Amino acid sequence: MREEFNTELFAKGLKNRQEVLGAEHVQKSLDAADDFTADMQKLVTEWCWGELWGRPGLDRRTRSIINLSMLAALNRPHEIRLHVRGALNNGLTQDDIKEIFLQVAIYCGVPAALDGMKVAAEVIAEEKAKNAKAGAK
Amino acid sequence: MREEFNTELFAKGLKNRQEVLGAEHVQKSLDAADDFTADMQKLVTEWCWGELWGRPGLDRRTRSIINLSMLAALNRPHEIRLHVRGALNNGLTQDDIKEIFLQVAIYCGVPAALDGMKVAAEVIAEEKAKNAKAGAK
Amino acid sequence: MREEFNTELFAKGLKNRQEVLGAEHVQKSLDAADDFTADMQKLVTEWCWGELWGRPGLDRRTRSIINLSMLAALNRPHEIRLHVRGALNNGLTQDDIKEIFLQVAIYCGVPAALDGMKVAAEVIAEEKAKNAKAGAK
Amino acid sequence: MREEFNTELFAKGLKNRQEVLGAEHVQKSLDAADDFTADMQKLVTEWCWGELWGRPGLDRRTRSIINLSMLAALNRPHEIRLHVRGALNNGLTQDDIKEIFLQVAIYCGVPAALDGMKVAAEVIAEEKAKNAKAGAK
Amino acid sequence: MREEFNTELFAKGLKNRQEVLGAEHVQKSLDAADDFTADMQKLVTEWCWGELWGRPGLDRRTRSIINLSMLAALNRPHEIRLHVRGALNNGLTQDDIKEIFLQVAIYCGVPAALDGMKVAAEVIAEEKAKNAKAGAK
Amino acid sequence: MREEFNTELFAKGLKNRQEVLGAEHVQKSLDAADDFTADMQKLVTEWCWGELWGRPGLDRRTRSIINLSMLAALNRPHEIRLHVRGALNNGLTQDDIKEIFLQVAIYCGVPAALDGMKVAAEVIAEEKAKNAKAGAK
């Protein structure tokens, strides 16, 4: 791991980030870190995942709800993809996620809801396939 | 009340809207309804408050969390004002609301967080003053 | 068709949606409806296509103009694609659509206009190819 | 008038701008033009009002419909105020404007619609008061 | 000053924030910090002003240019007001700021440019009045 | 070249556009111009590249900084791609671009920064590969 990642806050953030988004995805981002992207990886891991997600004020399930709501409003499909997976890891059900996007439809408009739900449906299908495969073993 | 408001879904929505946003605010909106705004009041009360807020899938506290997150991202201070009050009515504490805006700072940017928090702080101060006055009686 | 789709408002919306967006596209969305997406399909078909597009206040051509304008501003390419096709079905010419995106350039900025026009150009080329093929038979 | 305003395109744009937004409002903007704002006034008058609004491809009524749709989506209340007045000047009725904002509610979300309609209602009330006063003379 | 503000990064950020936005404005924000807003003040001062503005990679003048560009695009008039003042403190001239907003007009659309320029013009007028008063002493 | 492109302002804009974005990309856009897209190409080349980029008030390096900042905030990946290449042509280093996106993270939120940086990293890798290939000859 790059030297500048060697801080206490980074370690704390890394653990939160891995637990929410999955170790594999996070490893891929860190492995890809080069002189152009490393400072961003550091900032995101320390501030977003160390500081914010490390705060005890709200549980992870609630933080996932907040994120999906904001990301749908912000029109950020890549992040919606990551955070639908995170939401499932944090205990949201398929029905919870459905309700969030119905509320998005009313407050952010139907296009935001349809776009977000399409991404969410893909992630949910992938997770089901993965679980089915794991169950078949 | 205007004739076109006389539907079952409107009545259901009206009850939800009053319980969340306060009867006084809702009455003001409905009293102001004229030929230009009545159809919008009907749509919002039926669709948003009857259909969506009437769904059992998420509790009101969670719906308030979703709304504050979306409204901060959408840059809608008038609606943030209404829904901070709604959030307090639905059981969110001052600390819960603070945490939401800290998460807004990271995902929507610092300006969205500072603008939203300013409005929220005003509502919280008003509610404290109102409660202090009520307590003094 | 799923049982919850069996309402009068859904039937009305379905007809409008099919006439504007094309029966094939709509059928695909409804066929894909599962426990995750069916409530959204219901909401969109009833409220957006039954209630709103069912209103006599504006003709369909005008509603298409409004939609393209909003969708370009909202940065929603998937929906622009659908509604450029809808606009052609509702009688807008290629020149009308061109003018809308020129106005988008001034009010929403050049990137919104270029992104939107690129999607529109693809749809227009597809429609021309389809018509040429149909004409050749 | 400032020397740099002395172009053919500016004169053409100025005429369009005055006819749509009202001579009084435009005069105020131009009178206020100083070394900081004059280049912007020139760009807007020439580009937006000379080039775009001078195009024959769409009538003014349609351009007003496009503008209100975009401005509601873009969350720009100052411009909504100007262009509701412009829309009335260009022949849109109160009912047309109402329909636009109902469509905004579905596609841009309820907060965009309520915020935009509030501004529109104020302009419509002002115009009615002005007309009543004029009629009383 | 509140105890949680007592970190090295906060001190570094506070210095940067005061030098850019003015000591008076910053003091007002910190004095107003209470249990609701203090964590946000800490996050903003440490993260935004300590971490980011403390980076040597770009000079302050350039960071002001970036901020005005983003804030105009983000539709955040309160922050534009603060950062036009900051831009003047960081050495941007009135003409530099004018050019930024002309570029905003083309890329973010005319409404973003007019709204932003209006706020900027007010700040510039205030600063001129302040300087004239100071010069008259 | 199409007849309507035959203006002095178009020629001036074309030169700027080619120098910033690369002659190959611009040629592709112009070659693709047809009755649907030609007026947009004309508007963009004349106003954006002739008028704005032709202004002496800011150097091209600064205009690239402004553009990347706005485009990240506006969520326009296609344009970010073009203008990262333009920024490199205008003398920004990889480190300058990195700093811009770190500032985007704070003010527009982490998703805007990660999305933008991903596109920028791809362009930077392509340019390095191209230069390596050119150097190997």
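Letters are used for the chains, namely A, B, C, D, E and F, taken in the order the chains are written, and counting of residues starts over at 1 for each.
Quick note on the criterion: a contact is a pair of C-beta atoms (placed from the backbone, for glycine too) under 8 Å apart; a residue touches a chain by one contact, two chains touch by 3 or more.
All values reported here derive from a predicted model rather than from experimental measurement.
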Numbering shared by both copies at the subunit F-subunit E contact, with half separating same from different: same
Result of counting contacting C-beta pairs for B-C and B-F, higher pair: B-F
Between subunit A and subunit C, centroid-to-centroid distance (C-alpha), Å: 31
Shared interface positions of subunit F, touching two or more other chains: 43, 47-48, 71, 74-75, 98, 102, 106-112
Chain-level touch network, classified as line, ring, star, complete or other: complete
Subunit D residues touching subunit C - in the complex, by the definition given at the top: 47-48, 52, 55, 57-58, 62-63, 65-67, 69-74, 95-96, 98-100, 102-104, 106-108
Touching residues on subunit D, where the partner in the complex is subunit B: 75, 94, 97-98, 101-102, 105, 109-115, 117-118, 120-121, 124
Subunit B partner contacts - residues on subunit C that touch it in the complex: 43, 47, 51
Touching residues on subunit C, where the partner in the complex is subunit E: 106-112
Contacting residues of subunit B [partner subunit D, same complex]: 35-37, 39-40, 43-44, 47-48, 71, 74-76, 78-79
